[in-house]
Amino acid sequence: MSEVATVATGWGVTFVIVTTYALWVVGRGKAIGRELGIGEQEELDLGSDSSTSANS
Amino acid sequence: MLHEVLLIALKDLRVEWRSKVTLGQVAPMGLLVLVVFAFAFDANTRLLELGAGGLFWVAVLFGGTLLIQRAFEVETDDGNFDAFRMSTIRAPSLFLGKSLGIFIQVVLLELVLGPGIVLLYNVRIDDWLLLLAAALGGTLAFSVCGVLWGVMAAGTRVRATLLPLLLVPILAPVLLAGSRAFETAFGVRAEAGWTWASLMFVIAAVHAAVGMGTFGFLLEES
Amino acid sequence: MSTVVDFQKVVAVAGGFPVLAGLDIEITKGEIVHLRGSNGVGKTSFLRACAGLLQIQNGDATVLGFDLRDDRIAPRRYIGLLGHENHLYKDLWVREHLEFRAAAVGADQHDVEAALQRIGVSERLWAVPIERLSAGQRRRVAIASVLVGRPQLWLLDEPHAALDREGREVLDEILIDAASSGATVVLASHERDLSKSVTSRVVTLRGGRLWEDSGAA
Amino acid sequence: MSPARGNKYMTASPATRVLGVVAVAAALLMALLGLIVSPADVVQGQAVRMLYLHVPSIWIAYGAFVLTAVSSALFLIRSRRREDSGRHHDRLAGAAAEVGVVFAGITLVTGMLWGRVTWGTYWQWDARLTTTVLLFVTYLGYLALRRLPADPMIRGRRSAVMALISIINVPIVHFSVDWWRTLHQKASLSVGRRPEITGEMYWTLLYSTLAVTIVASWLIVHRYRVIRLEELRDEEALNALIASRLREDE
């Protein structure tokens, strides 16, 4: 594997792992929040929280 | 304290004496593992001789894990842990007593495996003192770690699969040190066998201290 | 008359389920309480909570003068618990097992034989592995293990299960003796007419709470 | 609405929202600096860019495991108290351990890829990689232990003890593996080929560490909240059960 390809793979894999994990955490938080009936749903992005700020 | 420790250890040894699990089942299995290693290395006598120290400790790890499972199965089988909780025996004594019981059973296992590697792998022993010291240190470390993780897994339904996962990474330094020390004792490696042997005593001491301090937490299941 | 067990609005959880849901009960010294109720009403949980084996989540619980929420280990040495399980080492001989149990609770080794004789485990079985005993005989060995500790508080979960008529009678005698010498007995059983001659009080649980109490005799 | 629902610890506060935005921006800038702006190394060429992932992630992994151990110790100290038994320490320990495992995994992947171009093999029995892989498995075991159904306090104590033993074991493992490798394979390949980290590379590495730390903090904060939500769900289910048990009688 060339150096550039290695670097691309490394950064790519890292990005995928972190993003997947972050989305999983956020999604799980949203799912439970919905189950508990707290708050409204929001856009899924890295900056949003797992549940809501509606009543805080 | 000593009285309680001996009480527990003697009880475990008596259970073993009556059921003969160590000598009748685990030790023969250990010997089988030694034979299977020879298959894996294509009976290359040179390789086996070089690796004998490490293979010995891997076989001890396999067999010893089974012994730990067994030692805690005896306790969980008929709700005996409840009887311990209700007794006047203190948690550190229970920890040391169980460790002593396991220690003696692992020594028995090693007494079978030791001649096994000497005969099957064509090993010469150059340094008996180092060999015995390393065996003692490694077995002590194995026993205290084993009991610590054994009780942690014992309270769960998945103990049979959980125990090895928890135990092996923690015992990795012991395996490493035991293998290197044995290789020096066998004269296939010229380096610092004694330092490796002392490392195992340090590991044993550290885990014994942690175990005595935390066993009470682990024993309270509900 | 001193209070041995005092539970006020006790809530206890096991396996994510509220096994005790606001239980109030007071038991005084020398009583023999028959704990009644169908399966899953909290009989076993009440016994385990008394023994300090089950954590109290809410409410106040005192056993033998110890506040269980502060220390649930200290009272254990005065308590004898016979659970659903027998707490036996099946590989050991009857006598070895009992000697171990006696030593583990700091009891006198001389009491071992007396206890076995009292509960009616015949001498020819003393050197037999527990594994080979019948269910009823095992139950007797288990009761002997409790007896040998001379507890101040007896907590017995279905002690009559697997016992024959003679065994039940012997057990009843033992409990009466214990109570008259100042011990307190709580025995759980879903059988309705059990040992009417023995028990001084019948307490019925339901839904993790006190349902009916015949009151102290 | 129970008062717990208004608890700020389980909902997004403006602060964490800002943290999230900062984390994304920091990560983008990190990619820009690490992949484009910073120069290639004289010895290692482009491969040196793995440095900016590998080193910060191992730092986060170790940092997270230390955080787990500290929280676990605090939890054990407080767990016997009647009021406020320190459950938040337990939650933090769990959240940190999971994030630590993620970053330990990233360390291993980037380390192996990096090894492939510099050493020519994916795996050298390099002391740090070997220690990391053992640590990775240890904490996988820790997470397995945490996942088992049990009373929260018992599970908390059990995993707290495991976290303490695991952290105590880190120096032992590191020492023994390091010693094993230095004793038996003098002058490992990598030593001579380590890049000289100076100038722009130095600052990029420092910045990457900061950026990864921000991302990891965001992850830990949110994982903590999800654990809190899970507990809240369990508590609510339990309260409903207690209520229904109380109704049984009336």
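Order of writing sets the labels: A, B, C and D. Residues in every chain begin at 1.
One rule holds in what follows: a residue touches a chain if its C-beta (ideal position, glycine included) is under 8 Å from a C-beta of that chain, and two chains touch if they have at least 3 such contacts.
Since the structure is predicted, the reported quantities are computational estimates derived from the model, not experimental observations.
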Between A-D and B-C, the pair joined by more C-beta contacts: A-D
Length of the line joining the C-alpha centres of chain B and chain C, rounded to whole Å: 38
Chain A and chain D: spacing of chain centres that average the CA atoms, whole Å: 16
Between chain A and chain C, centroid-to-centroid distance (C-alpha), Å: 53
CA centroid of chain A to CA centroid of chain B, Å: 43
Residues of chain B whose C-beta touches two or more other chains: 221-222
Set of chain C residues in contact with two or more other chains: 14, 55
All touching chain pairs, where touch follows the definition stated at the start: A-D, B-C, B-D, C-D
Contacting residues of chain C [partner chain B, same complex]: 14, 48, 51-55, 76-77, 79-81, 83-93, 96, 100-101, 103-106, 129, 145
Contact set on chain A toward chain D in their complex: 1, 3-4, 6-7, 9-11, 13-14, 17-18, 21-22, 25-26, 28-29, 32-33, 35-36, 38-39, 45-56
Footprint of chain A on chain D - complex, ascending: 1, 5-8, 10-14, 16-17, 20-21, 23-24, 31, 34-35, 44-47, 49-50, 53, 57, 102, 105-106, 109-110, 113-114, 116-117, 215, 218-219, 222-223, 225-226, 229-230, 232-233, 236
Residue ranges of chain C in contact with chain D within the complex: 11, 13-18, 21-22, 55, 69-70, 206-209, 211
Chain C-touching residues of chain B, taken from the complex the two chains share: 7, 11, 14-15, 18-19, 74, 77-80, 82-89, 221-222
